[in-house]
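The data blocks that follow each hold one structure.
Below are two complexes that have subunit A in common, paired first with subunit B and then with subunit C.
And now, the complex of A and B:
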């Protein structure tokens, strides 16, 4: 029982990290980036390929993360450029449709060039025992990294001027512009951040179980569920929702089975939208 | 109502909103549907010898039906249902299970299937209206339904055969399993859907659809019961999807979860509709025809299919948000007016 909850927590933290990468982009620009999961998988492929080419794990991971950030930035400055001319729901809709297209292109390229690639990061330490539960070192390291990244994100958004500028754009784009914040610069920053978070996510994920190239769609959907349950645009919400969904996931896949688990998660997300459209921590939708 | 259709044609590229149904007066729309019917009815003369190609053509008509239904729900009332495949799948599985397990006659089970999908489609609209979910949240809720349905099919092996699918017994030994007749059955369905679409849009329902599509608040204020008409569209569109899904099950004789996934149904249907023009009568059919043909031509590059779909999706939405057909038509009529003004 305790072991299952621990597994859920580890998974939940990762879900939260994944969700944050999607939710900041949505909150900041009204862009629902459905290519997010696929971009994260590109990071995994880069890590895996460069490690096979003889690079150490550390530099390989960094290279993967930078690639994801680069793709994310490119997406922002090319395909999404015309999207910013729209407002409100039109903007979300167009971004959603265009990024589905981008996701298809990335997935298609990956299946074509790297059909059997999968990323696994082996953390070669002994399992550690915590209150009687033996935890794999990979899970612990992944959780530690996730907590560290999550903590620094919250610090960045609460305590630094740049972070506050980003939040001001999330709250009111026009108002922020009047105060001298440049929304385009903030967007660039946030898209880079989103790519980095996706990259860190696949690295931590690979410490517990291998990441196959087909995982992009699933990652995007998980991120979407976390984002929706937590409230679009809320970082705290994303982590909380991630933890809840992670624990539900671990419990029900242990006791009930994986197909029903997925249905339960999806139903939970749909119910949240229907009952509380702004999510757990969201601003009014 | 003017009798001459052509004077009502926009002579230049007037910035009509994508998706507003342009009322075509007179009998123009019905003539166009009849002409489409005749052209499509001649297709078996050309490819009737090949079982494979007839199968492709039937799939094309299936997708045309999907796109017409989706057009009614999304194009006419702005409800983004990302559950086109799932609603058709509900129909297909319901009809198969009811006929093969419960022993009901399969024409009856197709009606039951349509009814079930109708209920679900109506329920989506009802929830979306009651909880005033916007386009995006409606999209996400229906998408979660699609994914949950897929997992349900995969998980309930005893009923659905899981990943491997089920062989549909009902309908075998009938004309539905022959080479050419099912094509005409599907063609009739497409034509009936098209006529239904036009009739619906000429009634008071169509008037309400246009009002709520253009400005929901203004429509509500002038006394249009937005909730009711949204539910109409969701229920009718859902029923259309369920019926055509059930029909497909009995014609194809085999269904599996992969036949109805988001990636295999919703995305292509959306691309076809956008290509043909959201909110136009024949757009869905044109889109389905073009993409079915392209798919066949590019069949040997199946690995690149996903990439091509992605590129098309992006290009279409960026360059022709109102549909390629409409853009071409306004381009042609633009040329015509220019020439006329030069004379």
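And now, the complex of A and C:
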């Protein structure tokens, strides 16, 4: 039981990080980026291919993360340009259609060029015992990285001037502009950050189990669930929702069977939405 | 300091303000008065870059700021306090004020000036802006606008949603700001209040200037008395 909860926490932290990358983009511009998971998988492919070409794991991971940030920025400054000219529901809908198109293109290219690629990062240390539970070193390293990144994110958003500027755009874009914040610059920063988080997520995932090229869609759905349960645009909500869904995921995989886990996750998400329509921490009701 | 000449603006193809000229000299307080729907808000929004200027020019300290991006107008030294306030509801009073100073770190001297002007904000500095009363939110909106040390403060209907006592208090604070040398341009429907503050005023109706002059003259003008001061 303890071991299952531990597994759930490890997974949940990673889900939280994945969710933050999607939720900040939504909160800031009303853009739901359905290509998010596919971009993260491109990072995994870059890491895997460059490691096979002889690069060390560290530099390979950094290269993958930078690639994801680059794709994310390109998406923001090309495909999404027409989206920013629209407002409200029009904007959300158009962003859904365009980014799902981008996701199909990326997934198609991956299947065509790298059909059997999968990223595995082998952390070759011995398992460690924590309060009687044997934890794989990969899980621990993944959790440590996720906690560190999560902590840095919270510090960034709460304590730095730039982080506050990002939150100001999420809460009231007109107010932010009147204070001298340039929303386009904030958007650029957030798209880069979103790519970086996707890249870090696949790297931590690969420390516990291989990431295949087909995982993009599943990552997007998971991020979407975390975002919706946590409240669109809420950063702390994403972390809390990630932890809850991670534990639900681990419990149902262990006690019921992994084939039905997705259904249980969706049911848990649906239940949250019924009880709290704007999510756990909806910034806007 | 601010010279608006022949400004036209509106929403999409619908022109609301046509050929309006207004100027504000350094250290002055200038009022734009007019009834609901006269075009006051539209006019101020165009100056600040929130609406496109379709004709005419806006010059600030000698250079044109017509159609400049909102954040650039703000950084040039013009602070706009909209009637809807546009505060950051989930952030504390202190955080709202800090963002007013963006991209710089908040200046402690300026913050104490704001707290001297509005002691209430100092008491509530940890409270989330969205949970405050209308009067307190109005104070915060003005306080936030002051944090960037603006040279020109533009306010749209600062008394919106305020009880009469709070509305007079809002104007007392603005009068205090004037004595500190702040240049103020304010649009207002509550004519007696705003003429008490302003040196000069413009009467805007149907998107055009109908009358202009020193506040005392406007107060004595029979048209103004009939339309805005309730004198029969």
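As a working rule, the second predicted complex is superposed on the first by the 284 of 285 C-alpha atoms of A that agree within 3 Å, B and C clash if a C-alpha of one lies under 4 Å from a C-alpha of the other, contacts with A are read in each partner's own complex, and residues count from 1 in each chain.
To be clear about the criterion, contacts are C-beta pairs under 8 Å (C-beta built on N, C-alpha and C of every residue); 3 or more make two chains touch, one makes a residue touch a chain.
Note that the structure is a prediction, hence the values are computed from the model and not measured.
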According to the stated criteria, A:56 is in contact with first (subunit B), second (subunit C), both, or neither; which is it?
neither
Using the superposition on chain A described above, determine whether A:96 touches subunit B (first), subunit C (second), both, or neither.
first
Is A:177 in contact with subunit B, with subunit C, with both, or with neither (first, second, both, neither)?
second
For A:165, decide between first (touching subunit B), second (touching subunit C), both and neither.
second
Determine, for the superposed model, which of the two partners subunit B and subunit C contacts more residues of subunit A.
B
Under the stated touch criterion, which partner chain does A:122 make contact with: subunit B (first), subunit C (second), both, or neither?
neither
Name the contact category of A:79: first (subunit B only), second (subunit C only), both, or neither.
first
Output check: A:32 vs subunit B and subunit C. Expected answer is one of first, second, both, neither. What do you get?
first
If you look only at subunit B, which of its residues touch subunit A in the complex?
80, 127, 131, 133-137, 139-141, 144-145, 147-148, 151-152, 154-155, 263, 267, 270, 303-314, 317-318, 321
In the complex, go through subunit A and note every residue touching subunit C.
161, 164-165, 167-168, 171-172, 174-183, 283
Residues of subunit C that touch subunit A when the two form their complex
48, 50, 69-71, 74-75, 79-80, 82, 85-91, 95, 98-100, 102-105, 144-145, 148
Which part of subunit A faces subunit B closely enough to touch in the complex?
32, 79, 82, 89, 92-94, 96-98, 100-109, 111-112, 217, 221, 224-225, 228, 257, 259-260, 262-263, 266-267, 269-270, 273-275, 277, 285
